[in-house]
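As structure tokens, here come the structures.
Each of the next two complexes has chain A plus one other chain: chain B in the first, chain C in the second.
Entry: the complex of A and B
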């Protein structure tokens, strides 16, 4: 690890880290109590890095090598129930193997943080990125956001715990990172100092729900039709409240670490006067921004919205930004076979979000980059051009265009 | 047989009057009349005392037991998923250890117990329990074995006795016996596979009296990850009158079909040594249960033969079905 020491209060050092290593550094800084590991590419390197951090005495944490993702996630859930700050993660089919545990972690209103190194689901085997693994959480009462750089990944472990553990929220947090493009690409990362993180992230306090002999509660007894609706409603309210808590947490983060996030929910790139934008999640932001610049050089008013938070979905904020546009092209690095207009997952939420507007932009969808296939700058330019055409009223037979498909 | 028994420092309950009066699993549940698993639950809670945290895996003892606003649990209790018995215990034990070591909560001994049924512990969750038994956390997993998925109308599991009628294995005009699997040997399997696990036992809720409570205390005293498999006659699932629950447990042990033993630091200690005390015919145990009403003599003979083999021919009778041989391969 190449290290440049910087003597400031807030940043301890600059380091060359990939996404996985950056997350591991953040887990160290968050003083996590219990970590459960199980290997699957590409997220595994987070756990590789953490085991070394613990072996070197840089973090005091239980580190359990579980027998499966299901056990891994259950271990973390129950560690969280006794008041321990807990961390796990997975990718692709491993994530799906543990899915039952993920669902109950949310319905139990526990708040561990999970990293998802996005990976295609089997079959056939593919290591590369696809977002279906993390997106499967979208209706389950989780906080779900994407990092697009290693720096963001590091910072969103800290931001994620702070939001998840907030008494108004108490929801588990999933931080997604594109497999390979982020998990295994190196960036120069500013690593915060422990003192600054302490100021930002208070200790985990589960309050009256902590499982301990001094607090003899019964958690999750059978309720049936008597109470399930009321409990679901509480989850619903927590997810709603999260929308107002998230901006406050980013304000606090900006106060301590400098003005890093203008908009907590998504980054706008050249959107101010844009007529047409692409919307995407994760590492595709990089080629997309370059494509926007190139179209701008040709005088086309293009922009890019890097959607960070998917749950809670930033409805009002996106409505305000996308509502100004003539055309919106959604990049879906996922599939939703048989869904309305045969689009991906993200486009359904974007269209639903824009529907109440009287002046709606033309929305078109792109499915691309599946199984880790590269989405190039040229691909992004083509997507922008198609979106410009849709905005100009040119009818296409299908809502969806597959990008980079071998035909 | 080893001449010296291991010494374990625990407070043994010698007489029924010595049993603690305090209940930690009390009213509020709605288990059936004659439910032996409820006895097991009450007894382990009593034996382990107030400084205990419990997870209960999905199963009849969750659904019938712990209803919102009428919890029977005096000690803290949490539901866990069907296959998560082992991992729930690891999670709690790891969390408590980290918090104590880091000074976030006071240092003290807190008993961590998971209670899972035979479908949860013996079938779905056995990988997680295996993982738990490889750790160095202090935890106890109790598998309550009523030989069925009793929560969902009595379906066969890997622990159901050969030949039994369940809703997945009804006798029919073409197939008399639908359940053709021999009962899984869960406790011994876990003991054999986890040599650093210091305590594995089998128990019956009521026979011999106080035995299960003392085994619970032994497990918690020895520490590390431990496992107890209890044999719980179920009036509804096995089809007998609830007044005979204890008797059925006793007959199961005395017929040798369910061996009672402890494995402490690798040493097998029989709680009820059927070789010395003699075995009653398994027929006496089988004929009192409606679930075996369709068996014919040939089936009963087969079960008797398997039980005889278990006691007469296994290298460690009733425990491990190996025979050590001297022959060299090839």
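Entry: the complex of A and C
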């Protein structure tokens, strides 16, 4: 994990913030012009915190409470098209309700930033974390990454805008964070100074694409079969270019704020000499790292890969790291019923990514923590042990193991 | 080493109190050079009025933030607590936060030599009538005071927050020291009386702490429910069987949800003088939780297992002194009061009056026209708060 480096003029203060409040502070620092809000737990506390920041006179921004997520997302899409830096967020089924607007934001190459407080999809009603809401973006031409601490959440709003608004990228950005474990956990967070943020994050400039009386354009006309394929192709190009822009943005971030991120795409915990690793997104990194430490004490060469970026998928980088392993266990806090291995979503991408290698690690999948159920340290140790077994060639009936399920 | 604190609080009414205490611990511990963070038990949300909820704080003098988070960060509840704070003493009777969780003991998480820290005006012995036995010894400490109740967006600034911080420093200085509590309060608020309140509570708590021996305390009757396996959902899926329909006259005559009784939500219970009842039906009609069971003689028995202590019945009852809200800790069972009344009418009156005592709980009304109705009578609002509506009525 990255550590915070103290630099007097870069960090303004230490503050007690939960994940939602940390995101709100970053939105303030990013000097966002338009915020659209509609409540759904656990995202709600982001809009609560932002309304307070605006009421306190700390941010001059249009704050619009919409009538639904669909309108909420449309508002920021349009705001983004006229050159306003825009912000919205949601969770779970609310997020899904606004999906039409999310899809067109990407095809229009507009670049607002959204926070997704991960929440289980109904039914049944549940407030806890599950990643299907944010992962539904995976094929839509979005930037999608996970924060695993409040500090990372704050920093990734800034990093996210910088990447999304880069002229080579111009893609909408979704910053996902685990409901409860991150959104509602209070930590001491280092808040950057406004000057440092200004140095890192230039003003949003949409250039020739900007909708303005001085620059009359028509966005997204009806084109049918004549243009669609070519337009999809330039979307593809942008997503591919994003892979090279992302490391440059982290370099710039590290230059200003200290060496915060060794690897932009994922954190490697005890991976250097590891034989078997677990891969996961978000807060499961917490128990997983402790489990790795405990297995190391027993002389087992375990490691953990905390996958931060899911879109664009860090194919080359993961291939390099995971390709060295004998076994890879993927923790899917999501479901993809009826998918090729009846596993989760993440395992499919990891297996595809490793397929071209001549020496492939054994890949096994775990579904756990659905609906906010805890994944304990013991659960993580069990997953590591199963992955060790798979690496040793032990045949299993199924690729997928459900963890923490009452059988 | 990790220190774990839990704050047991009443949903909504004490939501901010719990969160503030958790956050204060993090900030004070950080100023002492420790690593700390705080979170709520997410399953408690969305909170309902009075439902027992929890807030946590985790402190370590030697682990890195990453290690502390790894141990404590992605868990919904804790396995054991160094200090279990209780900011409404009626929760010592047990806490049932949601359905299928069961009524849990208030000291369930207190570890050996740990501390149960209760804000209360009752003594140790009175609380131990309800707090169940543990197989090892721990400590029971008291902060003298009433439950501090406020609302969704507000915190009642009655120094409970500061006093609890002082008391935590007294029962476990390994979490936060009293000097750090004082310095933090002074610096944050610039108000000396807050630091003094923490120090006074610290001193009083040192004096009030008592060691509870293994096996000391109440017998515990509640079991933890077994949760269904996935195969048991194969038949109905997300649909769950409804509470069976059914009704008969008399105590416990209505069919109710056995999986969630909600009775641990109450801080006060209504005591009914059946001999004064005019059978107007209002308590039964207005009760939001359908706690009143009609009886053959036209009276309404109260089911205290499901009553949440909302005060509605006492507010609407038109007969003075017929329904009065009484401190929940004065009762040691949920027996039917109507059966008691039928068995021994005169004895019941004596019993009820003894419980009721002479003090009455009155909350100022917070909404409406500026008038309030209490036991059938309009109560004129206080002049300074009445506003235009009150002036018009006057």
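Note that in this section the second predicted complex is superposed on the first by the 400 of 407 C-alpha atoms of A that agree within 3 Å, B and C clash if a C-alpha of one lies under 4 Å from a C-alpha of the other, contacts with A are read in each partner's own complex, and residues count from 1 in each chain.
In this section, a contact is a pair of C-beta atoms (placed from the backbone, for glycine too) under 8 Å apart; a residue touches a chain by one contact, two chains touch by 3 or more.
Bear in mind that the values here come from a model prediction, so they are computed numbers and not experimental data.
By the touch criterion defined above, A:127 reaches chain C but does not reach chain B. Of the two partner chains placed around the shared chain by superposition, neither chain B nor chain C is touched by A:25. Of the two partner chains, chain C is the only one touched by A:179; chain B is not.
In the superposition on chain A, A:60 contacts chain B only, with no contact to chain C.
Looking at the shared chain after the overlay, A:401 reaches neither chain B nor chain C. Touching chain C in their complex are the following residues of chain A: 1, 14, 16, 18, 41-42, 123-124, 127-128, 149, 178-181, 184-188, 283-290, 293, 372-377, 405-407. Looking at the complex, you find that chain C touches chain A at residues 19, 22-23, 26-27, 30, 36-40, 42-43, 45-46, 65-67, 69-71, 73-76, 227-231, 238.
Within the complex formed with chain A, the residues of chain B that make contact are 50-53, 55, 62-63, 65-68, 71, 73-81, 83-84, 86-92, 94-99, 101-102, 104-105, 110, 127-128, 130-131, 135.
Every residue of chain A that touches chain B in the complex is listed here, in rising order: 33-34, 36, 60-62, 64, 66-68, 70-72, 74-84, 86, 100-101, 104, 108, 203, 211-213, 215-223, 226-227.
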